[in-house]
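What follows is a pair of complexes built around chain A, which joins chain B in one and chain C in the other.
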Partner chain A sequence: MKKYISYFRMWLVMGLQYRAAAFGGVVTQFFWGFMEIAAMHAFHESNPDAYPMTMEATCSYIWFQQAFIAMLSARVFDGQILDSVRSGNIAYELCRPVRIYDLWFSRSTASRLSGAGLRCIPILLVAVLLPKSYRLSAPASAASFALFVLTLALAVLVSVAYIMLIYISGLYTISSDGLRRLCSSLMDFLTGGYIPLPFFPAGIRQVLELLPFASMQNVPLRIYSGDLAGPAMYRAICLQVFWLVTLVAIGRALCRGAERKVIIQGN
Partner chain B sequence: MITMENVCKSYRVAKRNAGFREACKALFHREYEEIEALKNISFTIRDGEMVGYIGPNGAGKSSTIKILSGILTPDSGKVEIDDRILWDIAGQAHSPWPRRERYRRIDHVKQIGVVFGQRSQLWWDVPVIDSYELLKDIYSIPDSVYRKNLDELTESLALSELLRTPTRQLSLGQRMRCEIAASLLHSPGILFLDEPTIGLDAVSKLAVRDFVKKLNKEHCTTVILTTHDMQDIEALASRIILIGKGRILMDGTLGDIRKGDATMDETLAQLYKSYEIT
Partner chain C sequence: MNHEKRYEHNNKRTGALRLYRRYLSILFRSKMQYKKSFFMLFVGSFLASFTIFLSVYFMFQRFPQVKGYTFQEVLLCYSIVLMSFSLAEIWARGLEAFPGMVRRGEFDRLMLRPRSLLLQILGTQCDIERFSRVLQALVILLYAVATSELRWTPLRIATVFFMLAGGCALFSGIFLVQAAMSFFFLEGLEFTNIFTFGLNEHGKYPVDIYGKGVLWVLTFIIPFALVQYYPLLYVLGRREEIRYAFLPFAAVLFLIPCYLLWRCGVRRYKSSGS
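Our next item is the complex of A and B:
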């Protein structure tokens, strides 16, 4: 276990050294969040009765989404993992007493956390100070804040477990580029990355809520503002745990199979 | 002790002719060719031996090293290292469970060190010493052993100036010294060197050779070396295994192949020609 923690620490520290990228990210995410809230206001004003969330809940949802984008987004990949498969440098990783799955998992989690760690504080600080209709408001209650933190952690792990499947596909197909784009777009849409899941039409929404995608950013961002509460919330948390276990089990099995099949070409 | 018994490996290679039309055709129908990289390779290497594994490009040298280091699954055959069975794979032909295999990668790799001359095992963005600290945790090396090995390696490979530099800023010669040290931190009994001197200048080559010789003498480490540099072989290998087109053609000492005062390269070229493997 210690070796994976060391890997985790190493990538956490490595990720923290890219200051310029983080600054660029903060500016982009801030303006993106601002525009998105402006668009949501327009929807709200056109027909307040049909709007499925409160405006405060929408603002919190969007600000947290932007602040933690490096942690929850479907478009953040660890380039080094993809490269190590393409270039064959994975040979060295296979020569070490480590499980490739656990190694990549700890590494992706670490680089996601360090990415978000650098970006989230300035965004959240500014978001708290904005005028009321754009502001990030306080959590619904202390309990919902605690559950927010817990489910956020679960959401990151589910996202990583899903993205691991894409990394592993690289071991089977040489270039995972195509699959990666497809899976990112799918994940962005179905996790509520474009619009929160409550905005999807009834019928479709109930199905989406059972998919692993709903166990990612959807849960913590809605718990924070109290939009997701009561029995529905407990069900969502159970689903998160279920999907985490399932995705990790699938990933591990695929990875074990791949480890025996890989052929490192060249010297 | 390392024993390989009847190890075979073949690769499937996709082939097509040049041109756009052929490329389109290949979308629907692909032709493959089976390339037999290793045909019934068997040999035994005793503890503390230094073996030069030589042969022309594409002879199967790297495939053998990969199988021995546990990262490539052979099609059939048996590999045993220090009484541990690494691979034991029944042939595909008659067994009711074709390709049944035993797989011991993680136990195995703790006991070996590997250097691929054309790849890097150090993490690019951090100082070399950070990579070493991480390797210490990966191999669960006890503190005292790590300290001792690091001091020894720092001294004999002259690393003290390099340890605090990020890997990406090292020259190739400096990096190779750091790479070799990295694969020896956990005091492995067997060291695989796959073209360790490729691209190095004269000084670095000599440093690497001297170090490997010393390592073998002091720690009795078994060294298996593949290279195209005959001076490496001359300096290091007490035994030579020649492989060509996937078969072992010769297993002997340098004296066996050397005739008169021909240079090493000439000797080798003669040898390749006589076996028609160029």
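Our next item is the complex of A and C:
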């Protein structure tokens, strides 16, 4: 365990070095958030009764989504992990007395946290200071803020556990590129990356809420504003834990299988 | 002597088209070597825009209209923007990848050849797998045209084509600016994606729904509204003035400063080495 924690710390510090790149990200995410909220306002104005959330909840949902995109998005991949499979450098890692799954897990968690850590503060700071109709408002209560932090951590772990499956698929097929491109936008959509899950039609929404994708963004971002509360919230948290355990178990099993017969590509 | 020179000049001109065709045929054949990967990318890029379509569809299941625009009207707008963006992305993909070329020092090699630089850059890449998006946009456009209750006059039909051509030119111009920026800043400028992917994705709705400020910026700074919002008003019959139909031509003027910036960049280019 200790070695994975020190790996984690090493990559976290490494990730925090890329400040210039993060600045570009901040501007992009900020623009994105602004445009999305503007569009949501237009829908809200056209028919406030059909709007399934409050406007404040939508704003905080979108701002947190943009601020933490590097951490929660189902389409952010660690380029070095993908490269190590493609180039054959994974051979070095296989020689070391570490488990590949745990190594990659700590690595992608670290790179996601550092990516989000650099981007989130400026975005959230500006979002708090915006005019009222665009502002990131205070959490619904102290309890919901505490639960927000807890479920956010779970959400990151579920996202990583899911992304791990895609990395591992690279060990089975030579190039995971196609699969990655095929999945990433669909995943993004199902996590609520384009429109929050409450905007989906009822039947589809009920199914989606059971899938792991709902555990990645939907749960923490809605708990913050109190949009998700009561029994539904507890059920969602249990599902998060369930998916985390399941996805890690599947990933571990697949990884063990792959390690046994891995073919090193490379030159 | 004079005659010879003119002959040479002519030859170079016709040669440009032939060379471009040759580049394309090489690219096409090399892609066909990896059919499975081509197919995956084809489907992948289809899904990428199809999910955006689905999110629009789901929103309109809930809301009958947004700022007075119906589902069909938004689809008309979305499909035109998607098609013009995808076409620009297919043929200007080389420009998008250009910053990498500068960083790796490959641009130096192009400068040594006695051919137009832009032609060579455009010839390095062509993302034909993204035609899946063009197809999708075409289907959506046809659906929107068939189901909207608009009266299609010849000028309205022509306006749709003007919007497509103007949009394609505008996005190509933005790609050219993006490429030119890499002469001035060696680090990747991620935020310029706002004007390419951002405009494509948020351009699914007529831009006036984002408010007056956004409309102003997209009219006077980046003339996106000239190929999207204003001509759309004419197509939808909200404006009768004929000049609205011809505004996409004004957007083409945007290419001039883009090209000048590019020229300026090429002139002050110093190899980054390696």
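As a convention for this text, the second predicted complex is superposed on the first by the 264 of 267 C-alpha atoms of A that agree within 3 Å, B and C clash if a C-alpha of one lies under 4 Å from a C-alpha of the other, contacts with A are read in each partner's own complex, and residues count from 1 in each chain.
The working rule: a residue touches a chain if its C-beta (ideal position, glycine included) is under 8 Å from a C-beta of that chain, and two chains touch if they have at least 3 such contacts.
Bear in mind that the values here come from a model prediction, so they are computed numbers and not experimental data.
Within the superposed three-chain model, A:20 lies in touch with chain C and out of touch with chain B [touch as defined at top].
In the superposed pair of complexes, A:3 makes contact with chain B only, with no contact to chain C. A count of residues in chain A touched by chain B and by chain C gives the higher number to C. Once the two complexes are laid over each other on the shared chain, residue contacts for A:262 go to chain B alone; chain C is not touched. Contact with chain B, but none with chain C, is seen for A:99 once the two complexes are overlaid on the shared chain. When both complexes are overlaid on chain A, the residue A:200 reaches chain C alone and has no touch with chain B. In the superposed pair of complexes, A:186 makes contact with chain C only, with no contact to chain B.
When the shared chain is aligned, no partner comes close enough to touch A:208: not chain B, not chain C. In the superposition on chain A, A:91 contacts chain B only, with no contact to chain C. Listed in rising order, the residues of chain C touching chain A in the complex are 36-37, 39-41, 43-45, 47-48, 51-52, 54-55, 58-59, 61-68, 187-191, 193-194, 198, 202, 205, 209-211, 214.
Note for the complex: chain B touches chain A at residues 11, 62, 66, 69-73, 101, 103, 105-107, 109-110, 112, 114, 116-121, 123, 125-126, 130, 133-135, 137-140, 194-195. The part of chain A that touches chain C in the complex is made up of residues 20-21, 24-25, 27-28, 31-32, 35, 38-39, 42-43, 45-47, 50, 52, 175, 177-179, 181-182, 184-186, 188-189, 194-195, 199-201, 204.
The touching residues of chain A, counted against chain B in their complex, run 2-3, 5-7, 10, 13-14, 17, 87-89, 91-92, 94-99, 259-264, 266-267.
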